[in-house]
Amino acid sequence: MNKELSINAVKRVEIIVSHNILTEILKKLDELHVTGYTLIQEVAGKGDRGVVSLSSVRVGTYANSYIIISCNAQTAENIAKEIYVYLSKYGGICLISDAYEVNH
Amino acid sequence: MGILDNILNPVILFFAFGMLAGSLRSNLEIPPAIGKFLSLYLLLAIGFKGGTALAATGLSLVGALAILAALIMATIVPIYSFFILRKKTNPYDAAAIAATFGSISAVTFITAQQFLTSNELEYGGHMTVAMVLMEMPAIILAMVLVAMVRKQEALKKGGKVENADAPKISMSKVLHEAFTDGAFLLLMGSLTIGYITGADGAAIMKPFIKEMFMGFLAFFLLDMGLIVAKQLRESTEGLNKFMFAFSIVMPVVNATVSMGLAWIFGLSVGDALLLAVLAASASYIVVPAVVRYAIPEARAGTYFTMAIGFTFPFNIIIGIPLYYAMISYFWGL
Amino acid sequence: MGILDNILNPVILFFAFGMLAGSLRSNLEIPPAIGKFLSLYLLLAIGFKGGTALAATGLSLVGALAILAALIMATIVPIYSFFILRKKTNPYDAAAIAATFGSISAVTFITAQQFLTSNELEYGGHMTVAMVLMEMPAIILAMVLVAMVRKQEALKKGGKVENADAPKISMSKVLHEAFTDGAFLLLMGSLTIGYITGADGAAIMKPFIKEMFMGFLAFFLLDMGLIVAKQLRESTEGLNKFMFAFSIVMPVVNATVSMGLAWIFGLSVGDALLLAVLAASASYIVVPAVVRYAIPEARAGTYFTMAIGFTFPFNIIIGIPLYYAMISYFWGL
Amino acid sequence: MGILDNILNPVILFFAFGMLAGSLRSNLEIPPAIGKFLSLYLLLAIGFKGGTALAATGLSLVGALAILAALIMATIVPIYSFFILRKKTNPYDAAAIAATFGSISAVTFITAQQFLTSNELEYGGHMTVAMVLMEMPAIILAMVLVAMVRKQEALKKGGKVENADAPKISMSKVLHEAFTDGAFLLLMGSLTIGYITGADGAAIMKPFIKEMFMGFLAFFLLDMGLIVAKQLRESTEGLNKFMFAFSIVMPVVNATVSMGLAWIFGLSVGDALLLAVLAASASYIVVPAVVRYAIPEARAGTYFTMAIGFTFPFNIIIGIPLYYAMISYFWGL
Amino acid sequence: MNKELSINAVKRVEIIVSHNILTEILKKLDELHVTGYTLIQEVAGKGDRGVVSLSSVRVGTYANSYIIISCNAQTAENIAKEIYVYLSKYGGICLISDAYEVNH
Amino acid sequence: MNKELSINAVKRVEIIVSHNILTEILKKLDELHVTGYTLIQEVAGKGDRGVVSLSSVRVGTYANSYIIISCNAQTAENIAKEIYVYLSKYGGICLISDAYEVNH
């Protein structure tokens, strides 16, 4: 397997939001032409809105959802711009960092 | 059949044990997937049982009256609750709490049915219909109240709506969220399926629906005990004495009002108890889930903790036998 | 005992309700862990029941003939399916779809057993053996067909094998994957354990295996309804009218062919119905899981969606009573 | 009633099947959430059954003697085990293994009860109390031994305690961890609830507790078989022949010692078998979980693998019928 | 949604520890005034202490827990300093990287 | 706890692959002498092969698996080189970014 390794500079966007607005967030991502993401549907956490724990998600509380997106810088900016209103209304955070994606 | 007898029921003891284990910070935990399944099981069983019972008897006049009484309670409780709460808290919390207490808790209802069965008292399948119908009016009323509040506040600020690019919360979206809620739909669906398949269906499903019931309920209440203890440990910051008092006194008031209606409408003891329990109980599943989305201004730490941390255990342990004692007294047993 | 009666069975109604709730985009969801457990339960129960039934009767001549008929169907269905499909689609999709339809759906089989039981018709424990034996031939045949196709394509391209450092898919690896598949092994294992422990084992396990069965099946079909609705919503892009027609017509054709065999071999009505249902059903668990690995060139959106989105609900709701009506007619009941 | 009969029990066969499937590297897997639920179910059922049995009979003299015998075993087994192990391994591993073998395995106990029931032999509710009381002494003794070892080592190094800012492991923290462990608490809780609700409670819970038991146990042992196979595949590196021999011989020794006590105290065959099984079994849930925290110096790959990989399957398949044969012989049946 | 995008340089701290010391770690984070974190309670893994798999967590073994924290550089340093003793005793790792958090 | 904080520059490799080839990938990692990784067995996602959701993993579909590896630059390169053929055949992505690991 002596191929040259080909990599691509990308932005790694992480979004953590309340599970109850996940559907809307994913719809927004579709609208922004985000072609791929990875999703951990139910994660716990702590933030301004207190502790979110999985053991009580079946009684009227919500877990958080964790979305990871690898995309180009422009898309990352678009995502951040669209997502922050949800964060301020329903809580959550959005992180952006640099990474390299292995081409295939 | 007093409070002590109620407590000596295994399912109630498992609830108490769960609260104890939770307060000891034990690592005892029912896996979330199991807890969710148990709650789906209970909803399916209760809906199905109600449907087959209704198929057997049809809807009698007294059944229709019981449903009417339920609808009256579902309408007036959120309204008078809102105006009481409004004096002591902000309008968003008031609306959220009113919605919570105006709606019902299916598990409290189930536990009350269990109480009746072990005391060999009858109740009608129409009470399940009553329960289903009592779930939603409170949410709709709360939404209307909040819409009015939001308009008022916008006017105060000179008509400018803050945070203009925030996602809109429309009534229709909230209604969709409420009426397609899994718990609600499953209840409706099983009720309908029970009604359609009637006695044949009841016979086929009996071992699962009836014989497993106590065991699954015991496990579920054990889990609820753990959750209640955790909730009381983690999220009582925003709560004051008034809210605690409200969570205990209001159920008794609502139960008492509903007994008046039950008496006027000539309901049986069993139906009257179930109506009282529905009126007294507060929703900690469907309503908080919807309200969290629909009234994000309200603090979940208040309405949710009140419903699950105070009202639920109160009704399960003290409320049910208390309302039963009151009804026995009034009905002259 | 027609289609309507079949639909009025609670388990079928729960399936329909699941499809409805799913199409309303309800948040109703059976936790994945529970869904997986339910499917393990059904496999264990059906295997164990088959084993104990077989232990009671031994393998009769007619039982052996039923198994022979099953093996014939398992061999010819994937072959003729492939050549039909080859005319309308690429060879990889054709092989994958042929494998899917040549194999069987255990839940469809279980639902048909349920249909027979509620109509008080008998069937033999050997049919469970027939089911187990029908799972795998289609995969092996499809692998052989695909190997031929791959060779041909390589020749066309002048013998150069593309993507030389890609991980190899060997037949033995695929067979290991197929024969150690959990669903398949559990079926085999429970069948064997049921056979070994016989009547004693059956008595000990009865409450769990027999009495819980309808309840767990109802829950499982509810879940399947939700999954089918979701699948139909999300993944029908790659599908064309031909594929839709194939998913409905082919089962009826396969069932009819199998009825011919059943008639020649003198099978009972119950065995004939189960054979027809096995022939008509398409695998949406074992085969797609293996094919996804073994034929990555095929699009899961086609074979998987056809099996679970069209053929499965068709068989459950219409197919079973339809095949039964045909058999009743031919067998002159 | 020999080893062969034991093996022909469906639950034992499912265990063996699980080990087989696991060693074939099948993807068969019971979802973790289900496995956890099944173990909670078994603990709840066994505790509740024990409690109601005790409520029916009260604590007899022979019951008290059985409990005394259990406590004696729970005290001496970890001590003599430690000194045997000390010769062949480091003191931390020795203490951890001693704790593991000094405590008990509830599932082995349950399987032995099952064995007695299917052989129509009686046993007392007090044996459940004995089991609960045998869980903890070994942990406490091991902690004391380890504390002594740590002090000694510190002295050797001239009194300087290494890694001064490492988090401290206090005895009281470990005891809290042990006594609030979910498995332990649930057992205690269900025992108490069973005792309080007595015959009424037993009647209400019967379908869930008694009739479902074999099915859930079969599933649980299937899962255990898978886990055992996995453990044997992945984590046998640190193990030597001595440890393997210890895992098989020590149970037989402990069982034999306990039979002496049982004989002196005049226990019935059923109680003697359960005592022997408790003495012979090693903890693979509560103790390893606590020890991992309390004695981080010990390698989990040893004590845990010994308990679950060797001792558990040995007791389930061979130990139970073997001890039974010995007792039958001694008691002169 | 034509707002200016406002972002903030942060440290992204990831901690993977044995589940049985999670409660203590979270308590430590509280003491260090960490205001927010996201938690995946049960993850598998492999390290010096061997393979950790979820299928056997119900029999006396532990899963790992995975904590993600977005915080400032000083807090990240404090966390690292407090956490490493747990890592050396009970295993696990702690990674720190750069990211930008979208303000809301 | 006044110890000096000691950290180490590492590569943070993230691999998201179809769950059905997880065993092979982990075997490959072993062969490459990867000494540690963290694994989230079942995650959802979206990519070229469509939506992967957890609710249907029990019916012949697969979840994705998410692997996080902290390693040195050379190992990261080796991983990337070996993994990309799987990505191109069975889908998935591989991201590489910079991080610091806290020594313990």
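When the chains are written out, they are named A, B, C, D, E and F in that same order, and each has its own residue count from 1.
Here is the rule we go by: contacts are C-beta pairs under 8 Å (C-beta built on N, C-alpha and C of every residue); 3 or more make two chains touch, one makes a residue touch a chain.
Just so it is clear, the model here is predicted, and its values are computed rather than measured.
Looking at chain A and chain C, the chains in contact with each of them are B, F.
Summarising the inter-chain layout, the chain whose CA centre lies farthest from the centre of chain A is D.
Of all residue numbers seen at the chain B-chain D contact, under half occur in both copies; the interface is built from largely non-matching residues. Our note on geometry: chain B versus chain C, Cα centroid distance of 42 Å, whole angstroms.
Averaging Cα coordinates per chain places chain D and chain F 38 Å apart.
Annotation: 18 Å between the Cα-based centres of chain E and chain F.
The set of chain E residues touching two or more other chains comprises 1, 3, 40, 54, 85, 88, 97-98.
Residue positions 29, 31-34, 36, 165, 207, 211-212 of chain D each touch two or more of the other chains. Contact residues of chain A toward chain B in the complex are 18, 20-21, 24, 49-51, 53-62, 85-86, 88-90. For chain B in complex with chain C, the touching residues are 31-34, 36-37, 40-41, 44, 48, 180-183, 185-186, 189, 192-194, 196-197, 201, 204-205, 207-209, 211-212. Interface residues of chain E, counted against chain F in their complex, comprise 14, 16, 40, 43-48, 54, 64, 66, 77, 80-85, 87-88, 93-98. Chain C makes touch with chain B in their complex at residues 8-10, 13-14, 17, 20-21, 24-34, 118, 207, 211-212, 214-216, 218-219.
On the side of chain C, the complex with chain F involves touching residues 29, 32, 35-36, 39, 163, 165-167, 224, 226-227, 230-231, 234-235, 283-289, 292-293, 296, 300-301, 304, 307-308.
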